[in-house]
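Below: a set of structures, written as structure tokens.
In the two complexes below, chain A is the common chain; its partner is chain B in one and chain C in the other.
Let's turn to the complex of A and B:
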């Protein structure tokens, strides 16, 4: 088997992979290899033809392909090596990546550092356990997006969407503009999982009803979907008997959450966080396997690609420093998700520097305080007018706070503002 | 003079400010709830002449699909007419990112441009 050596392997050529590689390049690393399984750099952005990307990072509104092109053009200009149509098959604990492509066959890459940037996948139909037949016409929203935006096929004409995540909302508009009738978007929770702007411009603009606290409980049709039964759910998300409603449709799109794609990570024995389904990382996004970093949606599902790029730049810079062996003496602070907080990234901090902690809350709440505790002592807090699980929150920790907390566990909580 | 209010969700950025517009005889006189000036501009436009940027795809002569957008916002009521016209565009490759595919879409003064390269 052919073996190549390189300083840095980046697995995934989407926004995270490209941003990480560019950040490592900016730190002086030249021996880089990006592995991308699709036929071009850009990742999922290539099929996200709608606009709204890049406001944070570039100060202008770009479409997905345009955002991806910004990084891809730089990668090409700087001659950062990348391989497309190349699939990473495994990662070993001694940082050896096995990959395959039609032109190179199976080959090995020995690296000094590895950045995991494989992104995430949509929760599939099989994970939802909907009763009834298994007819054609049931797609994840992202699959439908690929059909419509990259292949030019329409998956169907009469559509119901389950889940109000942003991809589902975007596809409701896209299918409508392409001539389909979107009958309803059903959302299990009492609030939408998507951005308010997308409810406005993707549903309200086209009079598409958003049915909160509703789910699809049965698929009808043998060869092709003919309709779905939807039902209201109670506060425990259980379908309410008697609330059944039949909607004839030939297509059901699922937008029911994203799951980080961590097969390689798991196989390498890297510790995962049960809540994020991504690796447990420190402030540099280094995983439990020294020299392996994770960033973007493979680490935690983000709301905006701008934040993916930002996180990936942290990982890329840190990987470069790891390769150059510039480690400062470590501290050890654990971060704990307390009341009202689902998870934090990073989960541990090993260096006393300015660290931004990203986290999600468990519930929609108004007039709250985000507070950081060492036991019963509140170290700092900030007010928030409102918080929602669909919007990632941040808390900045100073080097002083971290130095003081060496060896301890700090807890982030959501408190009612008195 | 008739005074009315209208609740709007701003679509300018992912923050999605919840805004209240006060109108006198259908003319916006004040906007609140917006965090930045772009929200006010959006709210005023939304109450008088709502506009949207359209993104879609076209099929090139060789059959490949290419993403496109309007390089500015067009009146909301023209979205479906615009889709009909955009769907009829079939230029030959190569097309470069940013290249104008159609000028002055439906007399809006806005062009249809490519948002990716096709070599």
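Let's turn to the complex of A and C:
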């Protein structure tokens, strides 16, 4: 079997993989290989033809393909090696990646560092346990997006969307623009899982109702979907009997959560965070397996690609330093998700430097304080007018705070602003 | 007018096995199937268990054919490239009464000719299967129990029959049967097929078929069974098939590995009116979860990848109904569990019945019993993978990432009898879309390959034949905009 050696393997050629590779390149690493399973670089952005990407990073509104092209062009200009139509099959604990492609067959890559940037997948209908038959016309929103934007096919005309994740909201608008009627977007939770701007631009601008605390409880139709039963849910998210409502439709699109694709990660024995379903990482996005880094949606599901790129650059730079064997005196600080916080990334910090902690809150709240605690002592806090689970939050930690907290666990909490 | 020797109604596992056997014995066979593919009824969605044979009453057809069929299964699956594992089964009990039930099953099993049965204590059985709950106090071990993929078995048997000359007509729902001058005429209202002999293997509809020849003694009660299928990541939760002792709570549900490395949990057992209603219910799935937790602890239902509902064709006699109600006409009705296990033996018995009815049977010297489904890339060694990619680079292109199904396998399958013409048919053969994303990523690639290989418009492709289009139109953009 062909075996190649390289300094850095990046698994995934989407925005995270490209940004990580570019950051490693900027640190002087030249021996890089990006593995991409599709036939071009760009990842899921290639099918996201709407605009709104890049406001933070480039200060302008780009479409998905435009955003991806900025990185892809640089990768090509810098001659960073990449392989398309190539799928990584396994990652071993001694940093050997097995991959397959039409041109190379099965081959191995031995690397000094590996960056995981495989992205995420959508939660399928079967996992939601909706009663009824399994007719045609039930798609995850991303699958429908691929059919419409990449292939020019309409999966349906009369649409109900379950889940108010961003892809679902985007597809509500897209299907409407293509002449379909979107009857409703149902959201199980009492708040939307998507960005506020998408609610405004994709639903409100098109008079598409967003039904909060609603879910689809039954699919009707044997061969092709003919309608769905929707129901209100109580505060425990259980359907309320008597609230059944039938909506005739030929299509149900699902936008009910994204799941980081960590099959390779798990097989390599890397520790995962139960909440994020991504690897547990330090401030450099290094996983529990030394030399393996994770970034982008395979680490934690992001709202904005700008943050994906930012996170991937951290991983790419750190992987480069790892390859160059540059170490700083270590510390050990654990970060804990306290009241009102679902998770943090990173989960641990091993170096006293400026570290931005990303996290999500558990509930929609107004007038709150994000606070950092060492036991009962509040180390720092910042005010927020509102927070929502659909919008990622950040907190910056200084080298001084981290040095002081060496050996301790710091807790991030959401507090009422009194 | 072409007169076939035998027309078989229904291409489930029984029809498929009968078609294979009668083709082997020199008959010209036509298989009539109302759906768009084979194995779309009870054979599509069941537990996939090859029962050891201790369950059926002594001297019943069920007992006789179960043990005989199960004994044939391993070699048959090997010949036809079908996934089969003799993983052994356990019936677990929770109290003294269950212990007595298990002793009864042991006795019955011995009389039925089942070998290797043993009664175990709770601790002994937990040593074999550590995930069993602490409530389990006793168990019956049946080492000859196995698991098989029911639709792969059906597809392969139909394939063997077809490569040896049998014909398959899908989308052919028999609506009337008449006899003229020693020939049966089977019509779907538009087209008529003629045959000297008829075998009714119509599953839940076998009573409807019986009534077409004036036989109203058979009543089939469809019994639904709902299942939950867990991610392959749960492999190893149990290694044997775990049944519950039948008793106060009914038959309970099973927890079992599948041949493909998933864990299957179910089924419920609810009689119903509608014969083709395979819809799942919230109550049914809750029941599956509740019951399963009694025998196996900490089942990770959060890793469920799909739910489905199967239909068993329960007859009105308590046993299989395999008989000749009219000259040259055989019923295979009421073939509920253990029908899958029994199917190879049922086929031999049907051949005997036809012989009594005058059919001239002799085993063909040129019969090829082998079926070669497309290799599953995932199961090859790296060396084998490289060999196959060198021969056909399309095996290097992974289409279904969850089950690692390559373009090579999909293309080969699309040209193999019985030809899959819809997405579900292809899925049953290749497993593309059967994994944890359930086709989320691969469907748009698969439809492109299907359209290309079958020479049809992508817009004409269906999920499950008939009126189940996957796509409804081209977008405005694709049509060149709206101006």
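Heads up, the rule we're going with is that the second predicted complex is superposed on the first by the 418 of 418 C-alpha atoms of A that agree within 3 Å, B and C clash if a C-alpha of one lies under 4 Å from a C-alpha of the other, contacts with A are read in each partner's own complex, and residues count from 1 in each chain.
One rule holds for everything that comes next: a contact is a pair of C-beta atoms (placed from the backbone, for glycine too) under 8 Å apart; a residue touches a chain by one contact, two chains touch by 3 or more.
Treat the numbers as computed from the prediction; the structure is a model and nothing was measured.
J.: In the overlay, answer first, second, both or neither for which of chain B and chain C A:196 touches.
T.: first
J.: First (chain B), second (chain C), both or neither: which does A:151 touch?
T.: Once the two structures are laid over each other on A, A:151 reaches both partners.
J.: Regarding the shared-chain residue A:89, is it in contact with chain B (first), chain C (second), both, or neither?
T.: Once the two structures are laid over each other on A, A:89 reaches chain C alone.
J.: Looking at A:356, would you say it contacts chain B, chain C, both, or neither? Reply first, second, both or neither.
T.: neither
J.: Tell me which partner A:178 touches in the superposition: chain B (first), chain C (second), both or neither.
T.: In the superposition, A:178 contacts both chain B and chain C.
J.: Quick one: is A:142 in contact with chain B, with chain C, with both, or with neither? Answer first, second, both or neither.
T.: The second partner, chain C, only.
J.: Of the partners chain B and chain C, which touch A:217 in the superposed model: first, second, both, neither?
T.: Once the two structures are laid over each other on A, A:217 reaches chain C alone.
J.: Specify the partner with more touching residues on chain A, choosing between chain B and chain C.
T.: The partner making contact with more of chain A's residues is C.
J.: Is A:105 touching anything from chain B or chain C once the two structures are fitted on A? First, second, both or neither.
T.: In the superposition, A:105 touches chain C alone.
J.: Check chain A for residues that touch chain B in one structure and chain C in the other, and list them.
T.: Common interface on chain A, chain B vs chain C: 148, 150-152, 178.
J.: Inside the complex, what are the residues of chain C that reach chain A?
T.: Answer in residue numbers: 228-229, 233, 276, 278-282, 285, 304-308, 382-383, 385-386, 389-390, 393-394, 396-398, 401, 404, 436-441, 443-444, 448, 458-459, 462-478.
J.: Going by the contact rule at the top, pick out the chain A residues touching chain B in the complex.
T.: 46, 49-52, 55, 61, 63-66, 69, 148-152, 177-178, 195-197, 199-201, 204-205, 303-304
J.: Chain C touches which residues of chain A in the complex?
T.: Within the complex, chain A touches chain C at residues 1, 37, 85, 87, 89, 98, 100-106, 121-122, 124-127, 129, 131-136, 139-140, 142-143, 146-148, 150-157, 178-179, 217, 219, 222-224, 239, 250, 263, 266.
J.: Which residues of chain B touch chain A in the complex?
T.: 8-14, 16, 18, 52-57, 59, 65, 67, 69, 76, 79-80, 83, 97, 115-117
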